[in-house]
């Protein structure tokens, strides 16, 4: 028998260490130390109910276990084989106690559709993909369905583009299918540029065939025989696995002429991006594939009408494609049964930032931020306080405590001033200054703006400069008004999605954290102690023991003081790097 | 942007011509050709761009326009050990800026430049998708995860010793 | 990777229809219809089931190593090589294969170990020392060791028709 | 047809019409800084980049650019709601925040689209201050680039790449650093720039201007030791009036002469004189090549291409150097004039060439470069000392306190002021070849033309072709204006697909009337067409309309040159061309 004790930061903060020791002690007292093994595990992602103990092999799941409960667990469960009822998880809906972790709703929070094969199959081995229903959807569509039926199925599924815009995929296909042209193209957008989002890379690295399969289906639906994958050159592993997959698929006749005897031809080529975020925008992406500067052009015409080389082109994102085969394998109705009314299926999020379980998760649409952050993500790192979560990357906004129970879908996120984006989710804690965060995103936008239209080229630069002024304590209240007006105008007048959404990080932080802006502007104070010009490091005399650790680590030698004497910081030399604070073991350095 | 004057050898010009030819000398393949050219030379000096322009029958100005648009392309030779600090959001909130500052402080060069001995160059890049390891630093093809300011010295030491 | 590829293929599939060229790469045959495809799938599934059993009735140990960018950056390649070599050296009948990202980026490198007749167990932060511990304690003696990552998702159910 | 409402008024437009044009129908002028449509010239530049033309469309989340948004049935548009006006003004303030505030001393002041817009929008302060882009100014022999003033409308890029296919300018860098520049941000004179000046002609701000020679000119005019000679190109007289609020297409030949005389020129001559001379030389060369060709001489290359346009000469020297033996060797009228003025005429008035200053007034900026070419000088003394544009002349007249509109009409001086109608039409596309045909026909056939006007050679299409019956021999003539169109013809010749005998090429849209040195058309192609009409009007009114009948020219040959293509003529009036193609990359 095994006892798994959660050793994640959250549980540790609620004394899982002591619980672990107590369990061992109890077992020893009972002489069971050789029969029952106590093991610490990584975070279960259920920190709200920690500490957690799981019994193997019967999968009993105890929650909110205190060190004092060790005795009872050993005495009852281990010795007598009876569950400790009061420590069982209570289902919040039907109020029933659930003993077996498999039955807990918690396990159903994540459903893997797009990531179904990631981490399960060998991506370089087509056999494993074939064994996992691979290319069966393609076979079914190509040999048993008309393009019209296949498009209808896609429309019925309610799948919306996962790249950020959320345009219904089936409708996009339908538009391209209705334009007559001698050639059409299917493009897979794998130019994942959102800092902090890496689901596309993971899918291509873990399940490249699913994307190829979906591209063939897309091609069949719209009458295209050419597929292009536009991928970031910074993803060498994904490129390599894609190349292997393409080679294998060709060798098996799953790409190429007369696929599966259907008479339909389709082949795929790889094109490389070269580091331009704006190329995530489909018109810019198309120009980039044509060997041009990746500058967006006005829509309409939409790529589905006139795209690559002026031909009708469907551009879909990697995650969107990864969903496609499942929809045909399981049917549209099944897919439409997951998620919310207007956002069907699941969404992959890249959880990052100040959160315990950094990683990729896939959850049904409609799940709340709270469930994602606290139940799946395992809560905030180091037991700090949750402050904000940024969704949608540079196009998105910062959401707060009050949005935690909002069901996540395309429309809800938009309504609260953020965006689904490609699914980056960056969690921030009390140590993050929201003005600085807004500035960080603007810095990104300024660097990534293509420069074609004035509001984005100059406006974002000015936004950044205004934010810089604020973080330096040089701004006045009028600047805040100007800031807001500028945001509105950039949003209203920019040529493409990049500019139209670039003010979101500023607007959402202004809406949700106005007090922080005011503190910077009126009191010349950064409440989170981040903005260098508004803080200073000082040594607290009561706590300083004169260990010299700070002085030794100061890169500019601005800390003076003899051993065992009080140290002082020369503010005129201090570069505010924070090394002294990091090194001090006595809480004697503080940000003022 | 200035570029280092470079004389190409006939063999190198020939190599570029073959690259262009392998892409059917099609203007639409400009970016693919530039990728290959950068693989060969490590960077894209003016002379290389001129040959590419000639081979693909596009104007040099256009080639330069494309090269300067994409951050992946560079006209300056990188250090023997190019250091790239990820400044994506996940790395940012986990202290990438401090790590970057530390590199700049120790090597005494700003971002985008190479140390006088040609050994190290510092660049920033946007998210390598290894957010779980934030903050991330790449030296050449090698990725370092969970880098701290203290760790910077150790990383550099590894390469100092390599020579 | 080439030798792995061959090794894995031979060990796993022992596929009668696969022949190898001189380079050790399999020579493929084209799949000509949907029926063909389904047949191959059935074939593969039963072969996979079979190879997991090996010649022992209770089956073989299966180890999957997450080899996506973050995994490799954290050293999963070394771990995989170590596991392939060591399991062989220690005469443990096991299949080691690579797979994509399992999603636990914070705990890379991660590996999934399935002992015959048991649920798969995922271990995080696997360095060579940990790998050795896993081989000795978990794989040999079924003793769980520290560093388990609790799996917290469900996959889509297999189609009922199949 | 589609019905929509703009500012509460209904309008009906064809499908595919943009809001901008629909509004025009209602006389609503939506401002824009980047959009440009040169109608018949088939140049439309629609990047949707400046975002000044945004309007509010009911039901739309954000504002729509009027220049790019197509109308739909039932569309409701507001062009001056508060939201629109605020956005438009803010965008303009942003553009101004990255623009120098040196309006008072800017070459474009008073003629600047950005300045006009700031006045119109009532900008009184710039709330958004910050870093400004700065670039090293670029002085070439003809064009000055001051990219600090660039607003990224990218009209120049369209002219340089799409229309002229010269490919010197491209958008470079990105974001705030984005700018239009030659390769490697080198100076223009290190690029393949032809100095056609079409970038200057469409630039809405002071970012692209011509090199200024007015100060030099004023200094020389004040020097009593210098004999000041001026020549004026045909297209100047058809456009100069625009600078003095006259209707486009007003002919101001007489007033222009009066003004030049009042400026202090000793001799006011006409480039048209040299144009007639050009026809004598070029026409003879054409006939010679034709006759030999028809006689079966395999060494003769046809078609013969005209060579009066310096932008065009630069173009083939850079892009088609291997074909540089096809164009006529005749110098341009400007250079023929200079050469004759500093020899024949200098002798007549007993002046050393060093003491004579020959100034040309040209509709062109490439002429500024042309007169600096080394082969057009004798012992370092240039045949034409410098060239000023139509715009510079207008500026000089204003600076000299003249009321241009009230000046009397005066005549050119003699002998180099005498010209024919054939010379006048050099100023428009198709004119040179028409003038050549008038003379070549009569000289070749010995017959008098019944009809002097060759309507089939006229027009505004980019590439035109016509056949002229030379007494039983069909002569195939091609005409191109715009270097992109020229490129097509050249590629055809190269590929052996061309059956032309003679081709006229002009670099600028419409020919010299649309030159880079003309008063700015501000995107109105009707102005260019009006100038073209004026040119033909001047031709029609001339007593002599064939170059070979110009008495001053006849006398020039009798007294000085002998006959066309004589050795002396060859020495003074012909030239050779260079291979300017960038040599293969430096090899070790």
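Order of writing sets the labels: A, B, C and D. Residues in every chain begin at 1.
Keep in mind that, in the parts below, contacts are C-beta pairs under 8 Å (C-beta built on N, C-alpha and C of every residue); 3 or more make two chains touch, one makes a residue touch a chain.
Predicted model, so just to flag it, every value in this text is computed and none were measured.
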### Task
With contacts defined as at the top, give the pair, B-C or B-D, that has more of them.
B-D
### Summary
The chain whose mean C-alpha position lies nearest the overall protein Cα centroid is chain B
### Rounded Å distance, chain B centre to chain C centre (Cα mean)
36
### Query
Centre to centre, by mean C-alpha position, how many angstrom separate chain B and chain D?
44
### Query
Measuring from the mean C-alpha position of chain A to the mean C-alpha position of chain B, what distance in angstrom results?
27
### Query
If you look at chain D, which of its residues touch at least two other chains?
171, 173-174
## Note on the structure
Residue ranges of chain A touching at least 2 other chains are 198, 201-202, 235, 276, 293, 295, 358-359, 448, 450
### Message
Can you list every residue of chain C that touches 2 or more other chains, as numbers and ranges?
### Response
69, 72, 104-107
#### Entry: Set of all touching chain pairs, with the criterion as stated earlier
A-B, A-C, A-D, B-C, B-D
### Message
Under the stated contact criterion, what part of chain C meets chain B in this complex?
### Response
69-70, 72-74, 104-108
### Message
Touching residues of chain A toward chain D in the complex: what are they?
### Response
276, 293, 295, 297-298, 300, 446-455, 457-462, 465-466, 482, 485-486, 489, 491-495, 500
### Query
Considering the complex alone, what residue numbers of chain B touch chain A?
26-32, 34-35, 56, 58, 65-66, 69-73, 87-90, 92-94, 98, 101, 105, 125-132, 134, 141, 149
## Note on the structure
chain C partner, complex, touching residues on chain B are 128-133, 136, 143-145
### Query
Which residues, counting only chain C, touch chain A once they are in their complex?
1, 5, 8-9, 12-13, 15, 28-34, 36-38, 40-41, 44-45, 48, 64, 66-69, 72, 97-107, 112, 124-125, 143-150, 152-156, 158-159, 162
